[in-house]
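Order of writing sets the chain letters: A, B, C and D. Residues in each chain are counted from 1.
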Amino acid sequence: MSKRVRIGVIGTGTLGMHHCHTLALLTPQAELAAVADNRDEAARAAAALGSETSIATDYRALLEDRSIQAVIITTPNDTHAQLVREAAEADKDIYCEKPLALDMADADSALEAVAGNSVKLQIGFQRRFDPAYREARSALLAGDLGSIELIVGTTRDPAPPPPAYLERSGGFFVDTAIHDYDAVRFLTGLEVTDVFATAATLILEDPRERPMRDTSVTSLRLENGALATITNSRRSNYGYDVRIEVAGSKGKLALGEERRTAVRTYTEAGASHDFVGSYWELFQTAYVAELRHFVQCVAEDKGPEVTGEDGRKALQIALLAERSSQEGRSLSMDQLR
Amino acid sequence: MSKRVRIGVIGTGTLGMHHCHTLALLTPQAELAAVADNRDEAARAAAALGSETSIATDYRALLEDRSIQAVIITTPNDTHAQLVREAAEADKDIYCEKPLALDMADADSALEAVAGNSVKLQIGFQRRFDPAYREARSALLAGDLGSIELIVGTTRDPAPPPPAYLERSGGFFVDTAIHDYDAVRFLTGLEVTDVFATAATLILEDPRERPMRDTSVTSLRLENGALATITNSRRSNYGYDVRIEVAGSKGKLALGEERRTAVRTYTEAGASHDFVGSYWELFQTAYVAELRHFVQCVAEDKGPEVTGEDGRKALQIALLAERSSQEGRSLSMDQLR
Amino acid sequence: MSKRVRIGVIGTGTLGMHHCHTLALLTPQAELAAVADNRDEAARAAAALGSETSIATDYRALLEDRSIQAVIITTPNDTHAQLVREAAEADKDIYCEKPLALDMADADSALEAVAGNSVKLQIGFQRRFDPAYREARSALLAGDLGSIELIVGTTRDPAPPPPAYLERSGGFFVDTAIHDYDAVRFLTGLEVTDVFATAATLILEDPRERPMRDTSVTSLRLENGALATITNSRRSNYGYDVRIEVAGSKGKLALGEERRTAVRTYTEAGASHDFVGSYWELFQTAYVAELRHFVQCVAEDKGPEVTGEDGRKALQIALLAERSSQEGRSLSMDQLR
Amino acid sequence: MSKRVRIGVIGTGTLGMHHCHTLALLTPQAELAAVADNRDEAARAAAALGSETSIATDYRALLEDRSIQAVIITTPNDTHAQLVREAAEADKDIYCEKPLALDMADADSALEAVAGNSVKLQIGFQRRFDPAYREARSALLAGDLGSIELIVGTTRDPAPPPPAYLERSGGFFVDTAIHDYDAVRFLTGLEVTDVFATAATLILEDPRERPMRDTSVTSLRLENGALATITNSRRSNYGYDVRIEVAGSKGKLALGEERRTAVRTYTEAGASHDFVGSYWELFQTAYVAELRHFVQCVAEDKGPEVTGEDGRKALQIALLAERSSQEGRSLSMDQLR
């Protein structure tokens, strides 16, 4: 086996921890070389998954370690752009969770640093590595369903994240709907030209959170004239509900359903099956595959499939959706650059 | 058995013919007394379903027949309001297909004639008589799914209707999406407050038809703050596709699917099942039930479940959707009265 | 419309009542001329569905009425053969519920009377008139699934019938499984050659009923070498469960499912949909279609699709299953003639 | 991390290769220490998955290596019992693929060697480690479906294995249906008391294979009086089809379906979804989990969940099914000891 890629993970919250596990135990090509988190305990727990994994409470120590080739950024959303810049300047290849940034200026300066230092950048749109999404994209790009006409997608989280997460999240469109916007681009290979969104606060109860949105509908127009609608909610008592349906001139393709295993029960009380508990469960395979892809790109000096530009485009749609929902009118992509 | 209600059918196209069949053969309480159609042959064919059914090529002859108690109006959309007015003035109880009218002024004058002459009026929103819709409404109004938050609905016709139909249809929103707008009101018991729509022409090819829309997305806001999105298309190679999903604070309810019978085949070529061929097939039971309801209301002097006001409200939403799709902005219900 | 067929219904229990309703209200070609039931009240209720329907407490009065052309026999199972004989001798065309008889000798003498008097006989295997079964048979006989290899079928009743019904039913195989045996013959067009069955009493609790079976598995071998297994139960807390799956050299066909309408709900308590409440609900269309077919055969002097021989064959399988379950060995069809 | 368990794999055909991959790359607690196969090339390919993995063409060399703690036996079925005996005598813990043996005498002598040498033995019934099967067993043992009454199970392979495999397989019941027999025991916690089977050769075409069966139906009676039917086929053009349904006094549980991913397409040609390609695909998670369980049992000196007795019981049912299919009668478990 070739030499392993030494990787550092910055931010060891739930997602960072998950990635540490993948790197240490499920990615033979990678070595979990270092973890950084300003919460010492979290960092220690993550490091325990590897062997000889160094620990830092300041991520700058990790970036200064020249033996580390690449970093995984899984910190709060409002730190992504700054960390991408610093990691690029420290000459690390970068895997960064979505969103790339919270505004376009920040996104652009991060992408400039990446380009200027010739490092790789992969954005964490894990759905692109899910077997079903890949199968769907293949069928759609092959023209099996004809020319794309109408898309209906949704992502509904079981419950809102904690307030501490919410306040640094960049808002509902930038934090959640962004996955669906990217899915539309990935599945169809088409760019969005117009955005309209409407949103509501129906779930969040804390007065400090009330300005935030938790329910939304986004209408998109694509470059070929096709229409899409994306619905999002921070509540779903029946598990993590992620589905998308793409209709074309020859038929439609539907992806996703409300079930986890193939067990169903039928009793006097009704028919029942289990639900998808979380994105962990639904995208288990995809989370591992995206990291393996990143490690392989670093090892073999190839460009990742999910680019910084993909991160920028999805962010642009999300920011326009946010603005549209406030202004009550449709906005074209060139109204935000 | 009590005395049968003598009914006249005005307009014996496909739908009128279907109603004649229902009245003559499946509604013991009704008597198909007369049919009127300016196409003599169509009128004759319809009359053949009854016994002693009189035939008119001018509907006015039918309206003048005092022995006729009630009329069914299944003429082109652009004649509905005028016919409702005349029938009301002739003192007939009226079942009228949707849409009630093509603009609000016409709708209002029709409703005034109905009120002024104290006749009954039922609008042909047949979904309200489908067992699944009724079951769904009961569950939703009983609060089984909690407070309504997010609705996703669709109606997709297998293919566009003929040009002659299209040009008198009132447009895509008024002709097709109106069924879904009414379904939202029926299922939730909530009124719409805001409308945004976007539309495209992706299917119609005749240059004369190109100004018409055949694909659309409508976003609605309801009086309780809930959001809805309705998608419509004039193309569906996989049969008549009508579904709606209503999510609330306690879970979601989904209605409709792409299947007709419970037969599935699995071969090397793939898994397969049959499709719903048309609205006839999907709403077979509902079409019979709505007419029986109307006949019963006439016989027992009760008000129909689907009122003129229901017809007016759905029309108002459809007209706002049309305008919103042209202006690119969200409109509130009070912007059209 | 041609002259209507005057029909008498013998036995106005639940099923007889249902047939009276179909004849009086849903079959324009038929006239419900007479009903006979030794329970006077039941007969009166049935007659009320028609107009000028005569009432008899002794079925012989009905058979003596020369104006009656055909009879429907829906009396207890142990009277079928005798009534078929008498009706044939009275020169009536006959629709008789399954089973044709409770033993082969009785079946044969009934069929002889039918043949001897040249009357028509249709057996009440209503599944043969269900749209899904017909669609399935067409696909299978057309060879879409290749040569038949393996069949898995089931019928599960929500709950056992009342003791009074059970004691005259002829036993579980003759009363219930017989529908599945006929379905195998109908769907595949193949004859059964060997029968093995095993049975248990797991549901019936009354000591007088305990000798009867309520749960069974029947293995069949067909003339082309294919194998089938049929399971039956008198208990199904999740509604009337009737499904069959036929696998051939090119794939399989599955028919039936546990759902009634296309409404599903998803809540914290689980996913749910409604169930098929009873055979009335599942075979609503089929029950009407089979009677209309019979009436049409009488009116047009054609032979019914479901013949006395079909009734005899299914009975033979059922009786062999009963015997096999007692002897613990496989029996060939020629071991009972 | 504690010291890794050094494991040797005997037999590096498809399944052995799969296990080598699991041990080398997906089971951190294990070390792929040695592989043995009389086909040198296969052994080399398997060894390449590990690092410092020794290679033997004679499995006895592997058994003599004292540094090896445990072995995986994935050789042809007719060698299992002999290898278990030898491995036990060499003091190795043993994971052995099903079937444990091809007759009861061999099974018993293998189990005696295991007991006499106090080594561990796990049988390769991987379904017991599938999340859906575990969820189902929990629900059934918890009584969620009431007392067990009726079971319908099936396993259908896409195509027959090659002749070389078939002739050493022990026959259709012992090779294939044995998985379903074990599933019945696992899911219900109940023992089988009576066996009836019928079988046919409908698929195999080579005259030398014709004495073998490729299609079968097995009826089982369980100790509580419940009935089961198991169907098996060596042909399934629509993918690997494994399903089981367990009905009890409170309802039923269904496990398995014909789909792989949650992608469906709907076109003019019909509705479609992908199929499960093979047992690899369906039981991917289970195959890894069973090996990890075995390695953990060895490392922590615990008894495996799937015991030699489980292997013996399933074999006994399979042998009785074989005999019953020849004798045409039901056999009780005590007719083979």
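In the analysis below, a residue touches a chain if its C-beta (ideal position, glycine included) is under 8 Å from a C-beta of that chain, and two chains touch if they have at least 3 such contacts.
All figures in this text were calculated on a predicted structure; none of them were measured in a lab.
Colleague: Would you kindly say which chain has the C-alpha centre located farthest from the C-alpha centre of chain C?
Modeller: With centres defined by C-alpha atoms, farthest from chain C sits A.
Colleague: When C-D is set beside B-C, which has more C-beta pairs in contact?
Modeller: Looking at contacts between chains, C-D has the larger number.
Colleague: How big is the gap, in whole Å, between where the Cα atoms of chain C centre and where those of chain D centre?
Modeller: That gives a centre separation of 42 Å.
Colleague: Between chain A and chain C, tell me the centre distance in angstrom, where each centre is the average of that chain's C-alpha atoms.
Modeller: Going by mean C-alpha positions, chain A sits 57 Å from chain C.
Colleague: With chain centres taken as the means of their Cα atoms, state the distance from chain B to chain C in Å.
Modeller: Chain B and chain C have C-alpha centres separated by 39 Å.
Colleague: If I count partner chains per residue in chain B, which residues reach a count of at least 2?
Modeller: Residue numbers touching two or more other chains: 237-238, 250-252, 259, 266-268.
Colleague: So in the complex, which bits of chain A are touching chain C?
Modeller: Touching chain C from chain A are residues 237-239, 258-259, 266-273, 275.
Colleague: Show me the residue ranges of chain C that touch chain B in the complex, using the header's touch definition.
Modeller: The touching residues are 1, 25-26, 28, 51, 131-132, 135-136, 139, 144-145, 250-257, 259, 261-268, 274.
Colleague: Please give the residue numbers of chain C that touch chain D in the complex, ascending.
Modeller: Listed in rising order, the residues are 147, 149-150, 152, 154, 156, 194, 196, 198-200, 202-203, 215-217, 219, 221, 225-229, 231, 233, 235-238, 241, 247, 249-252, 328-330.
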